[in-house]
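In what comes next, chain A is part of two complexes: it sits with chain B in the first one and with chain C in the second one.
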Partner chain A sequence: MTIQSLEFFAFFALVLVLYYIIPKKFQNLLLLVASYVFYISISLNFALILLVMTLVNFGWAHYISRVQGKSRRKRLIIGIFFNTIIWLFFKLANFFVLQVIALIKQLGLPFNTGSMKVLLPIGLSFYTLQAISYLLDVHREQMPPSQKLVDFSLYMAYFPKLTAGPIERAQRFLPQLRQSRSLDNKSAARSFTLIIIGLFRKIVVADTLMAVIPRNFIQEGASFSLLEILIWVMTGAFALYNDFCGYTNMVRGISGFFGIELTRNFAHPLFARNFSEFWGRWHISLSSWLRDYIYFPLSRYLVRRNPNVKNKANIILPPMVTMIVSALWHNPQLSYLTWGVFMGVALAGERVKSAFRPVKPPSKLPLWRQSIAMTLTTVLGLGIPILLVTHFYSLGTLFQHILNHSPWTLPQSRVFLLILPGLWIDILQYRSKNETPFMHWAPITKALLLALAALGIFFFAQERIAEPFIYQGF
Partner chain B sequence: MDENTIKEKLKTYIIKEIIKDEEYPLTNDEPLISGGLIDSFSLVNIAVFIENEFKVKIPDTELTVENLDTLDAMASRTMKELS
Partner chain C sequence: MFLKKLLTLPNPTQRVNMKKTNHNQALDQPGVSLDLKKPFGITLLLSLLFIILFMVSSELLLRTKPVQEILPLPSVGSPNRSLDIKVHLLERLARDEGPPNIIFLGSSLANAAFDPTTFQVAFKKTTGKEIRCFNFGVNALTMTAGTKLANILVDLYNPEMIIWGVTPLDLSPRNKKKQLIIEQNHWVRYRNGEDNFAGWLADVSYSYRYFLRFRFWMEFPKLSFQRSRVVSKTTAYGFRINRTRNIIDNPVPPKRIDHHRRIMANVSPKPGPLAQLQKALAKHKSTAFILLDMPHHATLMKFYKKGPQTHQQIMGKIQSTARQQGAYYQEAPPPQLLEDRDWYDLTHLNHRGATKFSRWLGKKIGDAVNNKMLPEPGNREDIR
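So, the complex of A and B:
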């Protein structure tokens, strides 16, 4: 079942009722059982893999904590290696399987290749990072290893965040499981609002935008102008943002009903004025993971060796390595690697500027300059990556379009109408510095808005079969 | 070492090495990270400065806006490690 489906909401409603009926000491166990029921409904094999990884990481953290010095470090490295190898196997397996299938067919061997596909377990990339951060935090003595297998298992398997994050930290998540949790009117209203915003972003904005984008608009012979191509690329970027942000809103809202706060994943990335700010606002749980476990340790090592802020290695290596790891985490393919290098160069470029000249905070720039900066950051920070990742092998055709076609024709105006609702939500949230600004509006306005949102969700959901969330594929 | 001394040393370092403007009127409660004066790499430079100057380490996972956004917050966090 997918998170935006009726089956899931029926499942969620049942779990929620049970959650508040049973004694509080059994709430974590109930959530754990529900999480595995949810995951088994997707695939029993996926659930078994998660179970194995949970048990190994739970035990290994204790194993790490029993020693000090070089032995401790060695055990940590083995633990990280185990998690990484499992993840790599499933990420790369299909690539190699396809080569083997092609070879078998070429040799004409009588072999049934239909069953050879290796499916990437949904959520593996996300809970693998969780496991690694847990081992690192235990190793660094920032937290003791969890004494409760149920709690740790829930940290790994918690169903609202299992399929596509947010990537939680054990230091933040586990203490919530030890506290008594209840639901008051304010929390319930906020959680409900987040779910509605999420559904609206996903069904009305993201899925509809994805449906209007022409397939292969950069293909050979396509008649789109350069401006149209740019608009379709940015439309894809808006769709991706609303898809993923919508997902995060929904799961945070769902989790809110259980009294468990999940990490916020987006903070108005469309209003970022430079790439550093963008990565502080986009997929925050992943970018903060990369910052804390790759960028900062590498930077600290380099700065200790040479504290000069103008040192080239200090400027270039941390952003480049971090963005390449980020790209390969998404997908170990050349197109993603190119995106990672592009973003690493962009971030290093920003560092060069601030290493040599007095810093001027973006907020102190004139509004017109901030607006231009926001637009450029969105186009380059979202549009270029979308282009690289989805049309990498058509870039040559794109350059031919640039040279041969008139650049000034526009697509149909409906694409702008579809972008506006998502943009309006972002503007409201940014200006009010509140994820759920509608909660403070007059009751009649709230009721009207809710009715419109519900109608929109209902009618747009009838138009097409629910698309899976894009980030479930990573 | 008291918190005010820590604050002064941090202020001198940040104005000279990070902001690179010795005339900058940095106040103790000015938001440095959320205000865009300091980026994440500069945070590392400050963290290493704190290590070398005050002999304490602030863990990577605690180099955050919540802990280090102002001079007041940085000094307070450093004092916490010292004690």
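So, the complex of A and C:
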């Protein structure tokens, strides 16, 4: 059951109807049951892993909260270690299993290797981070451990965000479950708009763009000119952005109908004018997690060691370590590590610059410089990582092809037709500083736009196997 | 002890130094209530009206002849260009002139070989009857996919005859993926009684068919260009003209010959497709089916596992299936009819070869009609 499928929407509608029929005190329980039903529909084993992690973290947070001092710290470390080891096991298992299978085959041992594949539970990376942040918040006494197992289980398993985030914080999520809320006309319209924007971004823009990118470019980086490579890489980046942003919009819209506000994941990253700004706008729930639990603690620790703000380690280490952790969280592979180092260097470069001379904030720069900065940041911040991650092992061949081709051959220009509607939504959102700018339009214009979007979604969704969201793979 | 400690929740009042306590403030009234006030859903209603308006007007517009002539041929969502082209050309022929009396069905071999106009002339000369024919040859068509298309053709146009050009290769598909492209097409599945929404939509909506063509143009620019070129070279009767190349002036490359050798060596009769054929022939008794052994270039015959013997053995099975179901079986033309100059490559005829072959076939079928071995076409009221 993919989130953009009809089955999912039927499931959502059923849960929604039940949600408003049953007494309020059972609403959270219903959401929890629905979340597990949803997860079991993907895999029972995945649901069992989630259940174990939920129970352990729920109990362990209480165990941490009971003591102070060194024991408290020790318990926290054990808790983080437990979550990390489970995550690492599933992330790395397949890599090692493949080596073992190869070895078994090489030695000619009579073992059946068919059943040796270990599947990464969908959403594991996301709810592991939620569990760790919860333990850390309890340890730092920023929140008490949750008293209700149902609430905490829902925090871990809430079905709209289960498969690919946003990575919620217990401090923000749990209080919502204990408040009295209402679904009024405005919030219903906003949630509905978010779902439509999300579906449009995913089905019309992202999936079609992915279909337009030549297969041989993705798979083996066949011969293309420099300009073609640049355009296809950026098309891929734009598709990734629309895929993930579309997903987030949809799940936030769905969650809105249950009166639960999920964290915003994107704030117009295409308009970022430097890398720091970019990471404040791209996958915000992850970057803020990394900022709060890795970047700031590491910076504080380094400053305590050496209070000199111009100290190299103080400037370079926090962004470098943060980006490396971010890359390894995505995938513990060399290609991702290279991307992490690249991003770490870029961010450290910006910090070095600002440490030694005053830097104008990007918004104060002349418009032409802002435009150049936006383009460069998008190309370097999105394009280079995509190139590194998808073509890491064929970069040499790719560059060889570039040298053998006229650099100015253009791909089919119709690809821009698909980019335009996605970009138009971004421009509107950016200029109005509002995620759902259409809500303030005249009813007739709104209706016309909704009709066009619905027809586009309806037609584009036909005769195509629903592509899973890219970030579900992490 | 440890477990007991872990499972016992501490009393909230005993908890250590909590900085934030506001989470507990709202504990009294948790939950979400529905607070929708009238009027609501006006935008939704308006947009529904817009959708209806848009769909109705675009359906009306896209079904008019002038608009269809400006736009490229629509699509039923098949990446197989000849299927899309033939479906719509036949539809236009039926609209403009009436449904055809005879439809030629088969793979790319049939697509290249049947020239409806030449056939009509030869047939008229032999029987004195004026008929209308259409070439529904579809590239990569296998026997199984062919039965599905035959069902559709009979269902939609109820022709008096279907002349189905077959070869042993149709029973032993060499490219599973290509074969499935036709069989799994939503519209083909829908027309064969397998309910699916996309297939239904392609069947009833011209807006959707044009949208599918637009999406194809978007996603496969090169193939879309090729498709438009093929359409411009195809007659209203489904025959592709101007294939003038021949294997004397353009010898077949050795690599291609090896490719044929490899494929032909693996040809064997599969029971599945024959059973499908039997089922299709048994189902449609209002249409006369003629199974025609398509001509092969002599070079290919020796590539079969046991040479011409394999070919004869497989065609024998097709022949007996045809006879069992009362269908007519027509042998291939004598080898001397077609010379090297008539072949586009080792499997397909060129324009010259197609003219010769269609003339020969027109006469053969005409003779069979005159001898009462086949029903006389051109008599049915519904096809005039």
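Keep this in mind: the second predicted complex is superposed on the first by the 465 of 474 C-alpha atoms of A that agree within 3 Å, B and C clash if a C-alpha of one lies under 4 Å from a C-alpha of the other, contacts with A are read in each partner's own complex, and residues count from 1 in each chain.
Basically, contacts are C-beta pairs under 8 Å (C-beta built on N, C-alpha and C of every residue); 3 or more make two chains touch, one makes a residue touch a chain.
Given the structure is predicted, the values throughout are model-derived calculations rather than measurements.
Colleague: In the overlay, answer first, second, both or neither for which of chain B and chain C A:414 touches.
Modeller: second
Colleague: Does chain B (first) or chain C (second) touch A:443, or do both, or does neither?
Modeller: second
Colleague: Quick one: is A:107 in contact with chain B, with chain C, with both, or with neither? Answer first, second, both or neither.
Modeller: In the superposition, A:107 contacts neither chain B nor chain C.
Colleague: Look at A:184 in the shared chain and tell me whether it touches chain B only, chain C only, both, or neither; answer first, second, both or neither.
Modeller: The answer is second: A:184 touches chain C but not chain B.
Colleague: Touching A:142 in the superposition: chain B (first), chain C (second), both, neither?
Modeller: In the superposition, A:142 touches chain B and chain C alike.
Colleague: Return first, second, both or neither, reflecting whether A:24 touches chain B, chain C, both chains, or no partner chain.
Modeller: After superposing on A, A:24 lies in contact with chain C but is clear of chain B.
Colleague: Classify the contacts of A:62 with the two partner chains as first (chain B alone), second (chain C alone), both, or neither.
Modeller: A:62 sits against chain C, while chain B stays out of touch.
Colleague: Determine, for the superposed model, which of the two partners chain B and chain C contacts more residues of chain A.
Modeller: Between chain B and chain C, C touches the greater number of residues in chain A.
Colleague: Looking at the overlay, what does A:309 touch: chain B (first), chain C (second), both, or neither?
Modeller: The first partner, chain B, only.
Colleague: Touching A:359, do we find chain B (first), chain C (second), both, or neither?
Modeller: First partner only.
Colleague: Starting from the residues of chain A touching chain B, keep only those that also touch chain C in the other complex, and list them.
Modeller: On chain A, the residues that contact chain B in one structure and chain C in the other are 142, 171.
Colleague: Inside the complex, what are the residues of chain C that reach chain A?
Modeller: For this pair, the touching residues of chain C are 5-7, 9-10, 12, 15-24, 26-27, 29-37, 40, 42-44, 46-51, 54-55, 77, 186, 197-198, 201, 208, 211-212, 215, 217-219, 221.
Colleague: Can you list the chain A residues touching chain B in their complex?
Modeller: 137, 140, 142, 169, 171, 273, 276-277, 280, 291-293, 295-297, 299-300, 303-304, 307, 309, 314-315, 318-319, 350-351, 354, 357-359, 361-363
Colleague: Over in the complex, which chain B residues touch chain A? Could you list them?
Modeller: 17-21, 24, 35-45, 47-49, 51-52, 59-61, 63
Colleague: Using the touch definition up top, name the residues of chain A that touch chain C in the complex.
Modeller: It comes out as residues 19-20, 23-25, 27-28, 59-60, 62-63, 65-66, 68, 141-144, 147, 171, 174-175, 177-185, 188-189, 208, 211-212, 258-259, 412, 414, 417-418, 443-444, 446-448, 450-452, 454-455, 459-460, 462-463.
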